[in-house]
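Below, subunit A partners subunit B and then partners subunit C, in two separate complexes.
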Partner chain A sequence: MGGEFTGPFVEMLLFIFMIGMALYIARMRSLFTAAMLFGIFSLLSAGMLTLMDAVDVAFTEAAVGAGISTVLFLGALGLTTSEEAPDSKHGWTALLIVTATGLLLAYAALDMPAYGDPNAPIQLHVAPHYLKDSEQEVGIPNVVTSVLASYRGYDTFGETTVVLTAAVGAILLLGGGVGRVGAGKGRDDEGGRRMSDTPIKMRVRETVILRVVGKALVPFILLFALYVQFHGDYGPGGGFQAGVIFAAGLILHALIFGLDALRRAIPQVVVEIGIAAGALIYGGVGVASMVLGGEFLHYGVFDRHNPAHGQHLGILLVEFGVGITVTFVMVAIFYAFAGRSRQ
Partner chain B sequence: MSDLASHLPVLQVLIPLLAAPLCFLLRKEAIVLPFTIAVSFACFAISMNLLSQVLGGDILVYEFGGWSRPYGIEYRVDILNAFVLVVVSGIAAVVFAVGPGQARRVIPEGREYLFYSAALLCLTGLLGVTITGDVFNIFVFLEISSLSSYILIALGLNRRALMAAFSYLIMGTIGATFLLIGIGFMYQATGTLNMVDMAHRIQVLGPTKGVLVALAFVMVGISIKLAVFPLHHWLPNAYSYAPPLVSAFLASTATKVAYYLLIRFTFGLFGAALVFETVGIDRLLLPLSIIAMFVGSIAAIYQTEFKRLLAYSSIAQIGYMTLGLSFATQAGVSAGLIHVFNHALMKGALFLVAACVTWRMGGTNLDVMKGLGQRMPFTMAAMVVAGLALVGVPGTVGFVSKWALVSAALEVDALWIAFLIMASSILALVYVWKVVEIAYFQTPEVELERREPPLRLLIPTWILAGAAIYFGIFSSYAVDVAELAAQQVFMVGL
Partner chain C sequence: MTSLANQILSHWNYLAVITLMMIGLYIAISRGNLVKKVMGMSVFQTSVILLYVSMAKVTGGTAPILIEGRDDIIYSNPLPHVLMLTAIVVGVATTALGLALIVRINEAYGTVEEDEIVAMDRAEDERDLRSEDAS
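After this line comes the complex of A and B, so read on.
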């Protein structure tokens, strides 16, 4: 896409912006601003990845890095202050270690194949097989989805489980909004720093423009998420991106119209069942393929006459599982933070 | 591919992996607890079966999705990782039966099932890291085990558990990121993620800059997870503030899996010639191991809290394991592996003793343990047994480890190292005796009647303490397996 016409200038420019942004964030004392700048940083790297023709990764970076994690940062800031405590220690040792690590990376870069070199090892060994044969073996045009959901589908199942683990942690440690035994004493050593930002949220809810725009926008965000979910076989997209976009739509609604409205629509129990259901759909597809005589996640066995068709079906189902788990995990984490700030 | 037996490698990980979300649906603790116990027993049975299948020298391969190497992900079971699978799932089978214990007070009401879910996820991650034949798959399952262990540690009663979990999270994430950067360079140099394929290609490539830097990042990343001196700072806080049952599980499994990774990457991926002859990692690992043996033991002597004492002792014990590896000999690796098994038994038993003491006294400060020898005789007897094993008294597993290590040291003509191993054992005697003295020869401030913890706590404690004697006397089984594993690692590589 980029390459010849734009030359490396755009890449260079993006890199300079990213480095500048990273340095600025590191110096930043205001955590609120830092959270916002992190979003911009992610958007810049999404742009970078697009130039590298890695649109699927770029899409994920934009949805996760610039989208949902900014919202979760804000949720976390709702529990603490939005100003970093001054640190008197000068981390000279830290600087030394970081510099040494950086030099080591630079040393390794001396051996690195040039950007886009067609003779680099990664272009010559496994990748050509994916590019050449995946459409015939797996039956869908998006090679990234083929690799992610079929060739390396077990990694993706693992990643889905990582996301599920995050929800277990958020609910166990923050209480899922139900309150934790002795939660009031939670972190008494940090004093009354916890509920400082509620005025911001109040103001958000009173703004007419936000309410109107929000109301109009949320259905389209949810619809777009469904498109991303089910179009992943043909274009960039898939369960992870769709899940975070869907969750972002729900969370946006909660931010504008209040947490209770969302809780009435999707109670905690439903969220927890949803988290489990997505992972179990993924695993269930794998178990089904074992029962039908294949290896775990061998979708080809779903259609004996046309394995590629079976592959397509399997991918559709596991991506659906990913989408469900990711959506509900994001909502669970949001509930955990938001529920705590109201105590 | 239809019979169940051929699916055993995947079932080893898949059963706890699917059980974790199922806990969300079962919810009631009366169902989830027996369910978790059944799952951990099934895992243990599978691992024993896998070990018996590979002991003859065969290697089991399971190709996910039916995709052959190097295009898909494969599981690959040999003696080395089957041995570690048995240790991890065996400890899980003993410890999970106890339930959350004191952590119950921190868990939101009615959410106990999430504790079991987290424990099963941790088991899943550790087993998944061990069994896989794909380097990126290692990273994915390492994330599952790490995240869940941060959660479990944060459930400690003391509020500092949150901070301990947080600093472990930061250190652990740095470790995992370093490992990922290393894997990235390895992928860049070879174009593959499959371990067998990658090993061949690295062999052909030789020590290019990319491979050397990959080695550096991988080794530092694993060393953080393994708590190799001086990268051990997260460990004392994590193990002493975590709920004692969690410490019992993690101390006997998590560092063992990290040690396995160290051996796997050294011999299986980079190759002993590159790691020891070209780079000479042994010249760094040997002094660090010896320092760890002494620093850990000396720090343990000065502790006033039982779990913290055990945690510092772990740093010293990890020193023994890495010392074995640093000899770069088959006998050395074998000694390290024997100690993996033996240390899991004794440290597991000792942390379970800590759980018993916490149940009775509400904490494990050495002050509250005064006179417990008379008040909890069975619990304290287990402490003495496991403590003697830690010192290396003949008739316990500790002696078997020390014997193997000293023999390995003498084999490379390092008499002085053999001497240092003995000297550090005397330090272990000092800190174990300190606890024994407090428990048996000091009078408590308040009179307490004699009462033991419930059997569901006492039985697991004694299973591990008993095993620490059993495998000390009938040592041949574990020693043979460790020697076969080391032999396979040296002969075949991967």
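After this line comes the complex of A and C, so read on.
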């Protein structure tokens, strides 16, 4: 092979680790172990994404996969069961179906362009336009941010709405928790066990090292999230990443100091308003650009003399909206799971 | 034979992603535990994300953050990055929704094992039929 394949070797090794992790997840009967392995799996995939030049995606995956998903899975396990029932009978049929599907997909995949091929169709479509002209048209160096917030602003608005809808669904299914008449408070009195009050959690909260380190870490995590939010035009980052990191910092605080401590700082009402406010800011920027005579989400009209400045302002505002919605959506989902009592 | 080997090596990313995808699918369809199913679907989702991002990679390329005054740098394709970035956040939100449904199922049935839930539903249906016959 010679020097030809020196590049992908690290990627291949990471992939082998990931496959190993996935097999372990499949085998583990203890769901708690599987949830922790899933966190490792996500962190490995974040490494993989970095190697494939997708730094923005890696950022998101590291915060979401290794942070928030793991907390969500643990929350769900706390409310259901942490042990899987012995093997079901479908094992062999499933294996057969999966092998057949896999072989078919592999056969089809060999007709795809080779890995890293600069002349693959995907590289010749709109990508050259984004890479060549976005500096002129939008005026910010991070092409991912300019595509996300400007060229494909409609998409991102849609995704923000989907995230909002999911949070509304979770709140409707599990209840918003305390702060509402007769919702959370009454449940506590019935002697229901809340996830945040399990004996293990109590012991965690009494650990001095965790409390001290956590207290010192949380402000820096929040500060870092703000940096990621407002530096997203120049480096990797943006509203989605910042929102997830901000929420991860808040959730860490709740895990160490208790749910009620976070609830006192950020009441349910604030969270619910925040979810909608972010999406409203995004939509409002779109409407404002229409009022000024442009199309929906066409930021160029914000500065008639220099459209690139208008673009920059528009991107900053919609990213801010995305950041607010994502932060509060994650916190709302955490509240819904953590505030639910076990029956 | 060597041409096939070469082709497998140059398409390693697709094959690795498909392997991961199939493990995720296997977990989702073979396991009766609903939480485990969601984990399988999350593994599947991660592999789809890797599939898209691996297609965006250009050999010798770097992250698509422009450096002023340099024309000689090759950048990877930013478009799949944008699509997958939002997909991850939407994915965690929908996973949360799925887990919330599972929590409610657990509260209604007292179990999250598919077999037991189906058995309970069947028993209830039969009871309904019998009471209809009786009346």
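To be clear about the criterion, the second predicted complex is superposed on the first by the 310 of 343 C-alpha atoms of A that agree within 3 Å, B and C clash if a C-alpha of one lies under 4 Å from a C-alpha of the other, contacts with A are read in each partner's own complex, and residues count from 1 in each chain.
Simple rule for what comes next: a residue touches a chain if its C-beta (ideal position, glycine included) is under 8 Å from a C-beta of that chain, and two chains touch if they have at least 3 such contacts.
The structure presented is a predicted model; accordingly, all values stated were derived computationally and were not measured.
Contact with subunit B, but none with subunit C, is seen for A:Met290 once the two complexes are overlaid on the shared chain. Of the two partner chains placed by the overlay, only subunit B lies in contact with A:Tyr299; subunit C stays clear of it. Of the two partner chains placed by the overlay, only subunit C lies in contact with A:Pro141; subunit B stays clear of it. Within the superposed three-chain model, A:Gly116 lies in touch with subunit C and out of touch with subunit B [touch as defined at top].
In the overlay built on the shared chain, the residue A:Val162 is in contact with subunit B and with subunit C.
By the touch criterion stated above, A:Ala276 is placed in contact with subunit B alone, subunit C being left untouched. In the superposition on chain A, A:Tyr107 makes contact with subunit B only, not with subunit C.
Looking at the superposition, the partner that touches the larger set of subunit A residues, subunit B or subunit C, turns out to be C.
With both structures placed on the common chain, the touch criterion links A:Tyr130 to subunit B and to subunit C.
Legend: residue contacts after superposition of the two complexes on their common chain; A:Leu79 is shown touching subunit C, with no touch to subunit B.
Counting contacts as defined above, subunit A residues 105, 110, 112-113, 120, 122-123, 126-127, 130, 152, 155, 159, 162, 166, 169, 173 meet subunit B in one complex and subunit C in the other. Those residues of subunit B whose C-beta lies close enough to touch subunit A in the complex are 1-2, 7, 10, 14, 17-18, 20-25, 62-67, 70-73, 105-109, 111, 114-115, 117-118, 121, 124, 128, 134, 136-137, 140-141, 143-144, 147-148, 150-151, 154-155, 159, 162, 181, 185, 187-193, 201, 208-210, 212-214, 216-217. Against subunit A, the residues of subunit C that register as touching in their complex are 7-16, 18-27, 29-33, 35-36, 38-40, 42-43, 46, 49-50, 53-68, 74-97, 99-104, 106-107, 111-116.
Interface residues of subunit A, counted against subunit C in their complex, comprise 1, 5, 7-8, 11-12, 15, 18-19, 22-23, 25-26, 31, 34-35, 38, 41-42, 45, 48-49, 52-57, 60-61, 64-65, 68-69, 72-73, 75-77, 79-81, 84-85, 88, 90-91, 94-95, 97-99, 101-102, 105-106, 109-110, 112-118, 120, 122-123, 126-127, 130-131, 134-135, 141-144, 147-148, 152, 155-156, 159, 162-163, 166-167, 169-170, 173-174, 234-236, 238, 240-241, 243-244, 326, 329-330, 333, 336-337, 340, 343. Considering their complex, residues 104-105, 107-108, 110-113, 120-127, 129-130, 150-155, 157-159, 161-162, 164-166, 168-169, 171-173, 175-176, 178-182, 186-189, 272-273, 275-277, 279-280, 283, 286-287, 290, 293-300 of subunit A touch subunit B.
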